[in-house]
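To start, I am sharing the structure in question, which I have written as structure tokens.
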């Protein structure tokens, strides 16, 4: 039971990370730096409850807000470049954050435990949740509630014109500007929102694991968070959720397969990119599903490209 | 500037390194007119559109739209002031449906009482105007060439422009579609739009345009009514070469 | 001050390794216009396989290098086949992902084969530092310097003195035009992979020698350095990569000296970010429209 609760919790947290990448992706960019915002959210929310005496909700909100603000500060210059340049720049940002936390020491001795960011030791003893008698199952419920709230926001975003504008910018910035879209603003706002979502995930994570260190927010996490939307599909946020469930489930489920897991994982990425470069839930699929669901629409099959 | 001009171009230039794609070009587009820009391939027509819409910064000169200088403004600002545009190499949002291509471009209208039509209704109207209603839920890639060009027009109209720039709207069209295009352009003018188009299809230009400007190697070599342009030896020379002009 | 100068010299020599890493990434990027995240793994594979003859018998250094090159070329061809050949047009980020998939696979293969422990590397150049006047210079760094000079000389000869080099430069500058002129882009791509992978074999050997072991985190290390160097040089410029590598080497050694090792890596990434965002054409490049 505990095992499944743990997997479900990880899925929920990674789904947030994946959604964060997804927002950036549908405005046409690829970020390898969301783990940096995840780390900021985690450290900040952790300090809030463990050191500053805040409750869980204000801590999570604070973590998300600061991560979002960082996203704005970083996004404004970084989004001057695009494509590969931005992918590298964001990765550079992620590494800066990681290495900064490797060096930051800000600890207090609380009840005989050293609490706070402690350089290479990491940030231990964020026990707010478990100290208050929450079980893993309770906390899973918290994670799912947060996830549901975020998913509802995404659902509204996808249906809104803002969502459509993001996709317009993704596909063709010149054409998007030519229909009156302020391309820079759309990209920066999307980036900041994405950072906030990642920060939220980080805050949830540190309270789940009670612990984080710089190694946990390195390149492998960046890769994981990018694969959820890319494999799950860029046609709808549902793809990202699907990606997180399948991939985390896969990595955990394949534990038994001792070490074959990474081969499957890597191989899957390659095959997906070759055969379905926009992921499982791509735009054509979304449109087809929509036309099934809506009675008004004509039922002609949508042809594959 | 004259009251009658919606767009005034003054001594406009755009160079790419040593290449003078547009050089010292001036003309006025009268409000409510159908104005055509013609010229041989590579004469700088699209570049001129790019400068007007802020996609490229001018090397020199000014663009005045509706009485205000717009050169140097970002594209989205220029669009909000009332310039719409289609692209020569169609640039639709291929991963969206036909409906969404127009909807995303729809300019927010001030809520004016209960007589205001909903945004969706206005999208449907534009699709009807351009004859795309039956295709509204298709992905763009399933449209044929003519339909894609019409969708570009519908999308540009969604921004509610007073000046519509069309870059070679007839390219690749058959006779039936061409006839439809002529009708559509005239209808748009009746709706109060000023049309400024680039075109190679001469009979279309001579048919619909009120005034024509001619570019050659980035410079304006002639301007006038279709009759005047047809008779202008410099134009004939630019299009057909020197021998024909002398013959 | 003497020590700072010594650090400068060491940094310059070690920077040659960075220049080689950046050079490999850069050639690939220049020709393919794609980024190969599996290049670090190719280097690492070379470093590991180069050890095989050492385990079999007392293999000399040159045999290790040759074995490393052969292994790296095989891996490189595998990467080209799996990650680049079948990608549909218009998905410029797809190869980024496929090569990440490949990186995971290669790394895992190495972890499997070695139980994830680092393998001690022989030091064919001796451990005693060389005295050059007032300076102490590590012999393996000197070897890196020599390797850098030799490799870049060969690369430039290849690029500017052979038919293949001309074809490569044509593809790098104008792929469509090159195709029209009868250059087979696919062939050039494959040969580019062979060339850069051979270079990866050399890099793997010297990188492992200079840290004394082959370790499974080596791929991440060289990828990080490669990115920074490539960016400093302005993506796609080979002379830029050389300058970038030397600059990074010197910066790191001086930063270690003045600030301590922990801040060294931050500095590298701060520079990477700033250069990318504010000078995307690189340190030496000129802005093109």
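Here the chain labels run A, B and C in written order, and each chain numbers its own residues starting at 1.
Throughout what follows, a residue touches a chain if its C-beta (ideal position, glycine included) is under 8 Å from a C-beta of that chain, and two chains touch if they have at least 3 such contacts.
As the structure is a prediction and not an experimental result, all values here were calculated from the model.
Student: Using only Cα atoms to place each chain's centre, name the chain farthest from chain C.
Tutor: Centroid comparison gives B as the farthest chain from chain C.
Student: Nearest chain to the global Cα centroid?
Tutor: Most central by this criterion: A.
Student: Compute the distance, rounded to whole Å, between the mean C-alpha positions of chain A and chain C.
Tutor: 31
Student: Using mean CA coordinates as chain centres, what's the gap between chain A and chain B in Å?
Tutor: 42
Student: Distance between chain B and chain C based on Cα centroids, please, to the nearest Å.
Tutor: Chain centroid spacing, chain B to chain C, equals 50 Å.
Student: In chain A, what residues contact two or more other chains?
Tutor: Residues of chain A touching two or more partner chains: there are none.
Student: Any idea which chain B residues touch chain A in the complex?
Tutor: 53-55, 74-76, 79-80, 84-85, 87, 91-97, 100, 103-107, 134, 137-139, 141-142, 155-156, 158-159
Student: Could you list, by residue number, the parts of chain A that touch chain B in their complex?
Tutor: It comes out as residues 161, 164-165, 167-168, 171-172, 174-175, 177-183, 283-284, 287, 290-291, 297-298, 300, 302-303, 305.
Student: Chain A touches which residues of chain C in the complex?
Tutor: Residues in contact with chain A: 35, 82-83, 86-88, 91-98, 100-105, 107-109, 111-112, 220, 224, 227-228, 231, 235, 262-263, 265-266, 269-270, 272-273, 276-278, 280.
Student: Show which residues of chain A lie in contact with chain C when the two form their complex.
Tutor: The touching residues are 30, 77-78, 80-81, 83-85, 87-89, 91-93, 95-96, 99-100, 102-103, 218-219, 223, 226-227, 230, 259, 262-263, 265-270, 273-274, 277-278.
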